[in-house]
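In what follows, subunit A forms one complex with subunit B and a second complex with subunit C.
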Partner chain A sequence: MNDDFYIGWETSAAPRIGKFVRAVVLILFVASISLALAFAMVQRSIGVSVFEWGMVKNFSGVLKLEPYPHLLVPRPGATGTQNNFSTYYLVAPFKFGLDRKKLSTLDGKLVSLQGTLIYRGNQTMVEALPDSIKAADAESPMLTGEETIQLGRQTLTGEIVDSKCFFGVMNPGQLLPHRACAIRCISGGIPPVLLVRQTNGTAICLLLVSPAGQPVNQQVLDLVAEPVQITGEVERQDELLILRADPKTILRIK
Partner chain B sequence: MSVQYQAVQWNRQKRIYDFVLVGVVTLYLLAFGAATKVLFPFVTEEILLLRAFGTAAFLLLHVILCIGPLCRLNPKFLPLLYNRRHAGVTCFLLALVHAVLVVATYHAGGDINPILSIFVSSPLTHSVAGVPFQPFGFFALVILFLLAATSHDFWLANLTAPAWKALHMTVYFAYALLVLHVTFGTLAGETSWFYVAAMAVGLLTVLGLHLASAQKELSIDSELQNRAADEFVDACAVADIPENRARIVCISGERVAIFKYERKISAVSNVCQHQNGPLGEGKIVAGCITCPWHGYQYVPKTGASPPPFVEKVPTFNVRVKNGRVWIDPKPNPAGSRAEPGLIET
Partner chain C sequence: MIHPLRQRHRHIIIALGILLPVAFAAGIAARKPLPEVNTLPDGISPPINLFAAEVWSREDLFYMSPVRIRLLREQSGTGKFAVTLAAAKDFVKPELLVYWLYGNPSVTNALPHNAILLGSFTAPQLPLPAVAEKTNGLLVLYSLADNQIVDVSKPIHLAGLSK
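Now for the complex of A and B:
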């Protein structure tokens, strides 16, 4: 009869037990690496987005506070037609939007500011240092391209995300694991956007506002990170796609 | 064993155990981190890290939970149990790093207290999204902390083994909370079937091994469960007990380990005073009953650890008659001498 017995405080285990344990340890090492690689490879939620953390840059452009603070930066060589301006959403550090009341005197004026660039696809945002936003000495350029184009009433299905995280501060910055963060960000004033996945896989983002064009942050908190259906008026302001909808009519898709 | 307080009573096998433990965990973290960064270069570092540490903690908890039943099914796994408490502390530390990163990333820097945010930033909405998966993780971490903080023998001695054991059984509650945490968190965000399959395999493995070992335990308990009596009871045949080993029987609802050695029979409680290990699965080594879990030793006829150690277990009076072992169902106080039964020639 094999009467091997393991005692931990002895110098070494019985040969048969030692051989068995070495095999188990080898399996653990192989399983550890294999599972790590497998879990890493099958991740599906990580997209292509950038937050230039630690790289503070200077920006200048026309500050617009409605519906959410954004900066219109004249494009070099603009000819006065549509999209003469690049649009940068503006947010504050951490999970806060910019204080619109404090900036009200600068609305529509040329400003300079310092901040960190965030971008995903054609969506761009600047995490601005609030105290750096100052009126520029130069005169504001003519906002010739900033007319609103109505795109009609539409029903869209997607997910409400906080624009700051989704555009790049966190990657992935969407879906249920990120829900609590998105709720805190939107509660703190970060613009909520409806993320709509098109059938070809590409995503479009629509800034959510009330029918009157006012922020709806507090009204959509319970609907964040879930599949929802929203019916409203879609319009384009330069590069911004805006969805005007009554938050009470947003449907949660089970 | 228990003479004086020491932070860690290091020995060669504990060092090997910890070396392997740290090696396996480190390799996992490096492989996950490197593969994620190569395959998804735009992932943000804090999320890469919180995923690496979170999955590592959950996987390690599966291994920890499987060690116990594996040892009951095959004693060759006992070396994995010897220093399991260090694996438990490692699991807590991995989970703590995950939690700190989660709070710093998802909850800090907002308009409410980050800890409060864990509980109020997942409002119930009567849908899957409304299931508050982060509080599940929070409470599981609290339990893992309690287990890690009380894992030292200092707490085992002061809480007493039954209380300590009961506290450490809450690891199963922590595991259940983490299953919910992962199901309504990770699996709701990552849609690959592989995660669902891995979760199912892990859960079924833990459940299956526990059921299999419980089945084995039941067969021991059912053997003599109706033999409770005031007088000596016929426990087993002498020939049923291997030399220097024991047979476990259940008398009056208590498991008794009956050892055969040097043509003698002695019986003691099956429960080691250290961590309630099964003494009856141990062996007589150097004249002492030796617990299979951590090597605690007791003199068979007294149930007391050899000096200078101080552990004691109850003994039972024994008679050997016509090749049968008879046991008095009333235990003697722990450490009391009970004359061994002599095996007839």
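Now for the complex of A and C:
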């Protein structure tokens, strides 16, 4: 019969117990390290996005307030065969969108502003300092490239994310771990976008608005960060893809 | 008195040691799959590839940036040219645009006035201007949001390829 008995206050354990514990600890140590590495390696990449926190830069372009505030920045050297403008989403600091009423007198005008860049892939956003947005002295450039191209009625499957976090302020700014933050951001006026992922690893973002082109922030809060299917009219304004859909028709995918 | 307690403790630890990993694995397996689509509807997806023939592919043309350039042509040996640029995922610049600059000028900090916009770095194909087929030129990577030249390529010669 094995009479070995572990006594906590003894200097050393009984030989058989000590040998057994050492072996178990070694095995657990190796197994836990291996499992942790294996688990980390099979995780999805969170993507590369940048928030240039603390770096305030100057920007100028044509301010557009519909459907959400954005800045159209003329591209030098454009020959008319491509988009003549780059589009930067504009938001306020923290979890807020810009106040469109306060900026209404500047809609369609050339403005200068200060802000912090947020970017991911070909999506660019500026966290603007609201008081820095001022009419520029120069005349606004001709918005020749700003015509809207209708892309028809489409059904798209994806996830509603808050654009500010997803474009770079939080990483990963998507999926359920980020749901609470996304709801707070969207309720504060950050533009909601439908993130449509493709199996080849790329993704597109469509700005989500009502059929009349109005913000739908409050109506989509319950659907944020979950797989959804949305049917609506898609249009392109320069590089901005817009999805006009009735929030009541958004389907949550089970 | 202590022996039954130790036995119970051992049983609990063994049960937790089995159940917790199983519960964790079950939780991972039960996650909803990410919604992904194979193809985007017409109009939303990038335009059909017009430049089907690859002329060459090089990774050494930019001095500082790990960018692969593929020179494409409408058809093998004939037609207009285009380039496709690709880089590692961590090569991210704000609003990165691609320009063609004919000749072999010295580019410093500012974008030259005669630079011709080809399009966004992320565009699937960037058609080259007709002038590129007659004279040498450079590709310039320019960050519009930073108002900064990111990189300039070595000279690219298309004249010998044109027919």
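Structural remarks
Criterion: the second predicted complex is superposed on the first by the 242 of 254 C-alpha atoms of A that agree within 3 Å, B and C clash if a C-alpha of one lies under 4 Å from a C-alpha of the other, contacts with A are read in each partner's own complex, and residues count from 1 in each chain.
Methods note: a residue touches a chain if its C-beta (ideal position, glycine included) is under 8 Å from a C-beta of that chain, and two chains touch if they have at least 3 such contacts.
Remember, predicted model here, so these are calculated numbers, not experimental data.
Aligning the shared subunit A places subunit B and subunit C in steric conflict.
After overlaying the two complexes on the shared chain, residue contacts for A:54 are found with neither subunit B nor subunit C.
Of the two partner chains placed around the shared chain by superposition, subunit C is the only one that A:88 touches, whereas subunit B remains out of contact.
By the touch criterion stated above, A:252 is placed in contact with subunit B alone, subunit C being left untouched. Of the two partner chains placed by superposition, subunit B and subunit C are both touched by A:45.
Once the two complexes are overlaid on the shared chain, A:121 sits against subunit C while remaining clear of subunit B.
Once the two complexes are laid over each other on the shared chain, residue contacts for A:180 go to subunit B alone; subunit C is not touched. In the superposed model, A:15 makes contact with neither subunit B nor subunit C.
Touch criterion met: A:171 reaches subunit B, while subunit C stays clear of it.
Touched residues of subunit A, counted separately for subunit B and subunit C, are more numerous for B. Clashing C-alpha atoms between subunit B and subunit C turn up only in stretch 200-208, chosen from 92-100, 200-208 or 236-244, once the structures are aligned on chain A. In the superposition on chain A, the residues of subunit A contacting both subunit B and subunit C are 44-45, 47-50, 175.
Those residues of subunit A that touch subunit B in the shared complex are 1, 3-13, 16-17, 20-21, 24-25, 28-29, 32-33, 35-51, 93-96, 169-172, 175-181, 183-185, 187-188, 221-223, 225-226, 252, 254.
Subunit A makes touch with subunit C in their complex at residues 44-45, 47-50, 57, 59, 73, 75-79, 81-83, 86, 88, 117, 119-122, 124, 149, 151-152, 154-159, 175, 196-199, 204, 227-228, 234, 236, 239, 241, 253. Of all the residues in subunit C, the ones that touch subunit A in their complex are 32, 34-44, 89-90, 92, 94-95, 97, 99, 111, 115-122, 127, 129, 144-146.
Taken together, the subunit B residues at the contact with subunit A in this complex read 11-14, 20, 23-25, 27-32, 35-36, 39-40, 42-44, 46-47, 51, 55, 59, 63, 75-80, 82-83, 105-112, 117-118, 121-123, 125, 127-129, 133-134, 184-186, 188-192, 194-195, 198, 242, 244-245, 282-283, 285, 290, 292, 294-295.
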